[in-house]
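Letters are used for the chains, namely A, B, C and D, taken in the order the chains are written, and counting of residues starts over at 1 for each.
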Amino acid sequence: MSLEIKKIAVLTSGGDSPGMNAAIRAVVRTCAFHNIECIGVYRGYQGMIEGDFREMGPRDVNNIINKGGTILKSARSKEFMTPEGRKKAYNNLKAQGIDAFVVIGGNGSFTGGLIFNEEYGFPVIGIPGTIDNDIYGTSFTLGYDTALNTVVEAIDKIRDTASSHNRLFFVEVMGRDAGHIALNAGIAGGAEEILIPEEDMGLDRLVESLKKSKASGKLSSIVVIAEGDKIGKNVFELKDYVDENMPEYDVRVSILGHMQRGGTPTCFDRVLASRLGVKAVETLLEGQSNYMVGVLKDEIVLTPLDLAVKGKSQIDKELIRVSDIVSI
Amino acid sequence: MSLEIKKIAVLTSGGDSPGMNAAIRAVVRTCAFHNIECIGVYRGYQGMIEGDFREMGPRDVNNIINKGGTILKSARSKEFMTPEGRKKAYNNLKAQGIDAFVVIGGNGSFTGGLIFNEEYGFPVIGIPGTIDNDIYGTSFTLGYDTALNTVVEAIDKIRDTASSHNRLFFVEVMGRDAGHIALNAGIAGGAEEILIPEEDMGLDRLVESLKKSKASGKLSSIVVIAEGDKIGKNVFELKDYVDENMPEYDVRVSILGHMQRGGTPTCFDRVLASRLGVKAVETLLEGQSNYMVGVLKDEIVLTPLDLAVKGKSQIDKELIRVSDIVSI
Amino acid sequence: MSLEIKKIAVLTSGGDSPGMNAAIRAVVRTCAFHNIECIGVYRGYQGMIEGDFREMGPRDVNNIINKGGTILKSARSKEFMTPEGRKKAYNNLKAQGIDAFVVIGGNGSFTGGLIFNEEYGFPVIGIPGTIDNDIYGTSFTLGYDTALNTVVEAIDKIRDTASSHNRLFFVEVMGRDAGHIALNAGIAGGAEEILIPEEDMGLDRLVESLKKSKASGKLSSIVVIAEGDKIGKNVFELKDYVDENMPEYDVRVSILGHMQRGGTPTCFDRVLASRLGVKAVETLLEGQSNYMVGVLKDEIVLTPLDLAVKGKSQIDKELIRVSDIVSI
Amino acid sequence: MSLEIKKIAVLTSGGDSPGMNAAIRAVVRTCAFHNIECIGVYRGYQGMIEGDFREMGPRDVNNIINKGGTILKSARSKEFMTPEGRKKAYNNLKAQGIDAFVVIGGNGSFTGGLIFNEEYGFPVIGIPGTIDNDIYGTSFTLGYDTALNTVVEAIDKIRDTASSHNRLFFVEVMGRDAGHIALNAGIAGGAEEILIPEEDMGLDRLVESLKKSKASGKLSSIVVIAEGDKIGKNVFELKDYVDENMPEYDVRVSILGHMQRGGTPTCFDRVLASRLGVKAVETLLEGQSNYMVGVLKDEIVLTPLDLAVKGKSQIDKELIRVSDIVSI
């Protein structure tokens, strides 16, 4: 890749997550630090197609490091899934003299970048931004740590009222395909049971476990459930089942929903975003591309974008055992 | 009421709310300050019936002022609604030498206390503890200010993701019969519309208002809905209606649920709880009873318990107008 | 005052406080609601002198209701204390066709507005914005409730470590002339003693009280001190005194400092700001001026600006008694 | 080590940190899970000397996972530094039939355990609990992540008022020997400069950097300073120096102090505490001892206790470069 990079675009794509603004800030300022121009693309790939660009200097990203959401907005673009859409996007990038782009998002956003690169040889770097932490090649995605704390704070509040009334709460958290949030926030929230997509505990074992928990002297209980749990029932059906089989419990349901996607990012997410943003730009400046920047084993590392897309992020199975022990 | 008070019981009853522990602490310590014995009754009126009592000194309420929930637990007691149940409760109180009790709770709890007093002439003082702020005779109930901040923090997070995606969110908050939470948290959360039980805005006006809001350049919107809103549809039916009539919006629903009942109480709730707890005990010591202690026009005041139960707490209608103006 | 108001300026002046942005938003949008132009003045009276003005429409105040600080910036202006400075300011206002202004700030800011009005007959409305709550004519100033919660959260954290080590902490909070913050946050934080400018408890009584507290079985203690406390020693001298006279305590000092001035405003401050902003503009539109808008006895009220400046805000002395009781 | 472990003691020692309670809970419940007895030792090694023991079952650690501080209290014990003190401690442990202990604390606490082990062959496991993150053999200590977020939240508030007034703030954070907190919280807080013990930037470079920052259009600045920074001046002397050399700035100082040690632990600290607590007990049950349990490269690992004590925790120097770039 002998191309000299003089102008880099940055965009956020897919679901937003806390820390995206901190990453935008880092990309913009790393460009300025290396005397490279930086262009913000609004509304993800859709904005790339529509030419919704704006020059960004270091002062344009003042005071955004602590803001949730993304100042560049995000969107899902059906048009970018078509060759025509990508053609328009490419033409816009060239017309602006943009040499490479950094896309902050999840798997779908990386796939878009990968296809775009295959078609046009356009240098792309991905920064993993999603609360679900379900991306291969990084131990932590941007927004995950913040979402965990949002969930744990909500569970803490729910526990106040649960233990005042000796109730059982089912708390549904995000995670259609991955149990990272449920498993970690469940342990931290002191949940009695945690239902995740990666493991089918079965209804009988759930009820048995709750009965054992009650017998051990616990007066209230919290069960954390990932959206995509494998038990094959939604959270209200679960409630009905337990209502029927454990009449001794007063069961309530709480679905935490979209508040998990917002909020001021934690220190961890801000620092990670800063490090990944710097690395993304400098990787491009070193003439490399088609990587995702991530953090593995305490180090900032590069993973080929196609591996990041194809790979499967694994939960730490040992955490299931830890949860079983500390919820005794 | 010539009886000299030497021993006072305290209980929490009905739904729990942040600040109840601060009120328990104030009751217990005010008793100690005046060299009166204090007895904690567990699980509300049900614990009174079952004799679930414990002596409480000032050190037993250390470090609870900042805890949500209630260390005395709460419950709804069907048995206390029967003459037999109340008879048992009375016998237990007399057996313990208890001369009066302070009940922290809402309307149902006060009604229980009132009937008990009518039957046995037993001195009772009520402290208004509920997040709904729907009690006559006080401008603020314990837990209301905390719940407002919980809701506003959640809306702030939802707004992050709403404005990143140009979405419309329906956020359902507590308030079956009263719009206090929805109205105040809606204004503070910058909601475009607020639907409350006290006012039927109608579906057409809602859609019209949202269209106007969109036309004015707003890219995302939040509508706050009290559980008991008068529009006659639940929040998912509302979503369907808007989906159909405003296809330009991507509509999402978030139901905040029970987390609104928990959490560390705010400064306001802790100070109010302290003041009401002191006043409750001192009112009994002055030989008065059957009052609710509350705060009106910046003053701690007494309202006869039967008036508190019969009266209706009103929302400040001017706030509806303020909301219409500041959401322009 | 028969002048018809068509253009209103808004500025923030003096120390900033959380809620100022919510008030700016309310002023701007109330102007828009009534089809009046609104001009933002940057950096307080200094910006007025320098003509640092910007037109503000409803979309310019999007997403600021939850931001601490002030988007209009603030400053203390020595030049505005001179007739020449005020002359320049007046000329700038007239050149812009501005008919009146709303100033958000404290006593000094109101005094400036008052003198300006006396000299030029220029209509002025004040909105009380200061964390100190030391303004006559309102029970609550903007930012006060937020600052209270900031202080209480800090005390909660300090108590964690205080009780882990059985230590005595002196926590200094803001309040040079007024003990509102110390008194309320002290009660809510469970402080053993509270030292305020309004009352001189004396060193001997402080030590005596701490000894009594220790004797009663308390293992750790927190003493909250307003900057302007009357005991005549600064917080480090106090520590030395107690170190010498109570060697049984391990004494530490924490000065909370400027973080008390910032942060996301609470629900209370945002609603109050919205109500005061609406009232400020509508008061001008009704042809009235030279008032401060405030809240007294649960009602939005007007106080003549000269009274607001001359009057003295009083602490609620009953709270001192409440503190003595609940800290037993 | 052929001894079969049937009874394990747990204590917290040295400065407390958020997450210690979560670790105590994990130790107690892992013992219960493996049908081992668990004894809580109060007030660290001093309580061991005084025989301040209490049996702990799984219900004794209900609802403490989210509490700052330590329910076992902590203390620094001079007596344990003497052979006589340790002899008493040993006798107490043997009298109780205790076979091993888990000590949660920092370097000093580990040294105590190590000497004790050398003298009596008593099995010891250390869990790193300190906000300073200055322990060799673990990437994260308990309480560090929580402290980082406490500091960042404080800086966010200070920035609100800094940018409203165009001020320069020196914010002093904990870290006498290590810059971990300053460096990470400084990056996350958007600090313009960060002064740490590991690097001497010199006064001239500081002033030069601030001048450059001002010239680049930044109107306010935050400099984060670790207690033990190498510049050789305390924070007030720094202020004086900058006051003199940069009269264009209005400089303020904020010392965050002991609030950094308290607070509800973050999700990260609670999960880490749970994992380390489980590992500590199971390591003993496997017949191993004299290790510290920690987390390195995303894995729970054992480090010989003497290495943990002798080793030096290093900051990530790359973070200094990241800070220089993103603060441009």
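Keep in mind that, in the parts below, a contact is a pair of C-beta atoms (placed from the backbone, for glycine too) under 8 Å apart; a residue touches a chain by one contact, two chains touch by 3 or more.
Listed by chain with UniProt protein names: A, B, C, D = ATP-dependent 6-phosphofructokinase.
Predicted model only: the values in this text are computed from it and were never measured.
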State the chain with the largest centre-to-centre distance from subunit C, centres being mean CA positions. A
For the pair subunit B and subunit D, the C-alpha centroid-to-centroid distance in angstrom is 39
If you average the Cα atoms of subunit C and of subunit D to get two centres, how far apart are those centres in Å? 36
Where subunit C touches two or more other chains at once, the residues are 156, 159, 163
Select the category (line, ring, star, complete, other) that matches the graph of chains linked by touching. ring
Within the complex, which stretch of subunit B touches subunit C? 22, 25-26, 29-30, 32-33, 58-59, 62-63, 65-66, 139, 145, 148-149, 151-152, 156, 159, 163, 184-185, 187-190, 216-218, 264, 266-268, 270-271, 274-275, 277-278, 296-300, 318-319, 321-322, 324-328
In the complex, the residues of subunit B that touch subunit A are 12, 15-16, 18, 67-70, 73-75, 150, 154, 156-166, 169, 252-263
